[in-house]
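Once you scroll down, you'll see the structures, which are given as structure tokens.
One chain, chain A, links the two complexes that follow: it is found with chain B in the first and with chain C in the second.
Take a look at the complex of A and B:
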């Protein structure tokens, strides 16, 4: 196999991994801090994609339409997430994990039908600006030029989250809340408010990922249910609540999938689930995770 | 004198009678149209309705069917759902007293509606839904199909690929199919067919993206690295769009012929800017394939005049043909009586936009062609068309009658 094709396959895996990271990082952040397993996360991601399409269609004639629509979609999705947290999520903090899953699953179904009502069942397609319609050649391998943007966004989110958690006051509070929310509360820090903003941040990242995804292919109903399973695999492999774990898990899933397509296409998806199951058996809290809070 | 007066009165009365129309006014022909105007079939159904309307206008201008039965259209929305389809068609039959129903985009709806039409002895014309099972099994003498069915389309694709392979010297190919029942069974059929019609072709790799795959990049680069002579895709419609969108930025379609997707004139128009050129696509009734047929040329002219210069899609063509097939059935029967029309249409050869075509007696399937071509720009149109068009006639693509008989016998067991 020529190097150029292996490199091209590696880049496909890297992009796929970083797309998964964008979806899974919000999911992991919300679970790590709030102990909420949000099954509706990917549906909010899909809402982000649809919102991005709407903004784009309003500015369609302009080359900048896509670049403006993506952050707008992230903000609008974050606002939706904020409403969800205040209206519903706030009430299920102390529920059992399986109850949270059922409630958030119901949310996913409700949002799914809302999407159908608002945007209809037709596939939505964004026409990319001409600058990213042609392939880019790296070491002779063809690369989708939009993927450079995807990689940059993925890296920016990873670095941004890391910086936020490590170097900012709010990041420290969020990290402290992961370990002992009672202690943080005892210090006079309003935990409910922190939770609301962490949830909103997680959904902001989901909306951003949705916006980025919308220019990769058509935006269609049901996309969310496919990606949520892979996002769960990523956080199980990397460890719930661990940013580094989510990044490593995403890259593992992306690259394993990509190279399996090349050498063992029938087993590409199976391999990911095998790895997930093995991690669950050998290291139940994932590669970088810590045991679940009681 | 008395006789004169009597004669004058008789004469006056007969003049009055003749002026007021001594025969009872000819009954209008109630035509039901039950299509999926909402739901996934919206776009195709809208086009089909436009084709039907052009035909109805033309026929009514001459007085209607048999020049005396003006067509009255009763339109209903099936929402592309079988249960709603059944309900609306029952409404059309019982409330609006329609004699024939043109229905639907969705084969599932057409299959569900078929027994209702049989029960109420109403003609049922499947103008664009193309599941073979609409006419192959659970046969109804009231159901007619004017679209190339799924079997004919699959055979046509293999036939065309074999021809292309011979002329272009293709040897190896990769299959890319959605990993579920339809994708697996279609891929299997295609590979089996190609083995028969082009034994020199071999499968290099089989790829199975899951249904609803959102990330095709790994598949794209993997196929490019294998350098096959062509790719045969059996991807579900949404996945097909996602794949083409993701493969395009790699220059995939400039390098590898991509065969298997269905691109009607609707897609050629709506995706004119984004559709990759070079796709090898199958189509059901593209108007540009038959502009040499006067009826097609006339239809295109009238349709464009009525719909602000818009070109008719395959669905509009088949909607138009459905009405004209019915018209010719009525003319042969000499009556609008459904039983007589049904009998007259069996095995009837009709003049349509796609030429002179026969309803096959065994299943009432119109022996129409399928079309395979390469998506290319044409300066004559503001959208790409299928160039290097291969017309695969029914004789080369329809299921042998023996197989239909066997399927019906198996059904009875």
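Take a look at the complex of A and C:
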């Protein structure tokens, strides 16, 4: 196999991996801080993609339509997430695990059907602005020029989150809340408010990712189910609540998926699960995770 | 209290339900016989799930995988090899049990939410294998023409067949939950650490229980294929895994019959709602939210609160 071919496959794996990272990082952040597993995360991601399509179709005639739609979609999705948090999630902070899971499961069902009602079952396709219509040649390998943008967004979010957690006051609070909510609360920091904004931030990233996704290919119903399962695999591989782990996990899953699909298309997903299981045997809490919190 | 009296107090409800179930086909139309058949099958599925959830205290979000393995085993054996239905049922239990053994081996290393995630991920693994293995499982077309033998072909005979199988299954499950093994599971649920300290191999017990649960999920799935005349990969999907969770929560997970009662409510609602809208997930989502927010203990939880039963009466799991 030629180098150029492998290189373009590598780049598409990188793109896919970073898209997974965008979804999984919000999932992992929400779980790490609030201890709530958000089943509806990918469904909100898909809503972001559909919203982006709607904004784009309103401004279709302009070249800048896509670039404006993506941040708008992210904001609109974040607003949806905020409403969910305030109306629903707030009521189940202190409930048992299965009740929390059932609530987010119900959210996924409801949003899945709302998408069907609002946008219908037809596939939606965004016509890209001319600047990203032609492939780019890197080392002689043709790369979809939009992939570069996706990679940049992924890297920017990763760096941004890292900077937020490491250098800002609120980042420190969030990190502290992962370790001990009681202690943070005792210091006079309003925990419910932190929860609301962490959830909104997670959904914002998901909405952003959805907006970016909408121009990669057509937006279709059921896309969310594939990616949520892979995002779960990512966080299990990387370890819950670890940003680094999520990034490494995403890249592993993205690249493995991208190359496996060349040689054994039907088995690509299965291979990812096999890797997940193997990592669990060696390191039950994932590559970068810390042992269970009760 | 007299021993006989305790016996009656404990078993009047299941016995009464059984007799109601026998009489039903004489009083309702064929459509509702179908619905009741579904209730029985899904009720067995939910009761098997509850072995892991209510008794062992771990939430599995992937039991549909074993249900699906059972359904596909029966479907494949009947369509491709023309096996008789009776022979398919035990084989389906076996294959679902083997699936649960292989995947459960990893799952029982984890607890709580990690257990839930891993069971769900593995459930989805089974879904993808079935979904993509076109040559063997028919992929997303599923398998059609899974016809039960002629004397079971009509709705009512098949209903009685399901009733017999589900009743036997439920009785076996009841004996398991009331055995020392069942009480060990409760001990694991209530305090894993202490159970370990008295020399019980917790992981092994969890795995055995996971396999038993998987086998009975497989049995329920095996009944489903010939009932529906077809199987589709959706049976193993994560949405389907949510159903027994919801049934158990709605009926009351701390009661042996809770999941079955949950199945009655859930399936009735489904039959009723799908009559006039295709947006069943939306409606069921709203119902789930209301149930979780308003009646966390399920139906039996409410009945107990009102004091109709004392905790011990009908084999309550908690407080024993």
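Simple rule for what comes next: the second predicted complex is superposed on the first by the 289 of 294 C-alpha atoms of A that agree within 3 Å, B and C clash if a C-alpha of one lies under 4 Å from a C-alpha of the other, contacts with A are read in each partner's own complex, and residues count from 1 in each chain.
Throughout what follows, a residue touches a chain if its C-beta (ideal position, glycine included) is under 8 Å from a C-beta of that chain, and two chains touch if they have at least 3 such contacts.
Given the structure is predicted, the values throughout are model-derived calculations rather than measurements.
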item: Contacts of A:38 with chain B and chain C, given as first, second, both or neither; value: neither
item: Touched partner set for A:123, first chain B, second chain C, both or neither; value: first
item: Chain B versus chain C as contact partner of A:132, first or second or both or neither; value: first
item: Contacts of A:98 with chain B and chain C, given as first, second, both or neither; value: second
item: Contacts of A:25 with chain B and chain C, given as first, second, both or neither; value: neither
item: Touching partner for A:269 - first (chain B), second (chain C), both, neither; value: both
item: Touched partner set for A:217, first chain B, second chain C, both or neither; value: first
item: Which of chain B and chain C A:146 touches, first, second, both or neither; value: first
item: Contacts of A:69 with chain B and chain C, given as first, second, both or neither; value: neither
item: Intersection of chain A interface sets (partners chain B, chain C); value: 225, 266, 269
item: Interface residues, chain B side, partner chain A - complex; value: 39-40, 42-43, 205-208, 210, 212-222, 224-225, 238, 241-243, 245-246, 248-251, 271, 273-274
item: Complex interface listing, chain A residues touching chain B; value: 1-2, 5-6, 8-9, 11-13, 15-16, 19, 121-123, 125, 127-128, 132-135, 141-147, 213, 216-218, 220, 222-223, 225-227, 257-258, 261-262, 265-266, 268-269
item: Residues of chain C touching chain A in the complex; value: 53, 59, 61, 106, 109-114, 116-118, 120-122, 124-125, 128-129, 132-133, 237-239, 242, 245-246, 249, 279, 281-282, 284-286, 288-289, 292-293, 296
item: Touch list for chain A against partner chain C, complex; value: 31, 35, 37, 88, 91-92, 95, 97-99, 101-103, 105-110, 112-114, 116-117, 225, 229, 232-233, 235-236, 240, 266-267, 269-270, 273, 276-277, 280-281, 284, 292, 294
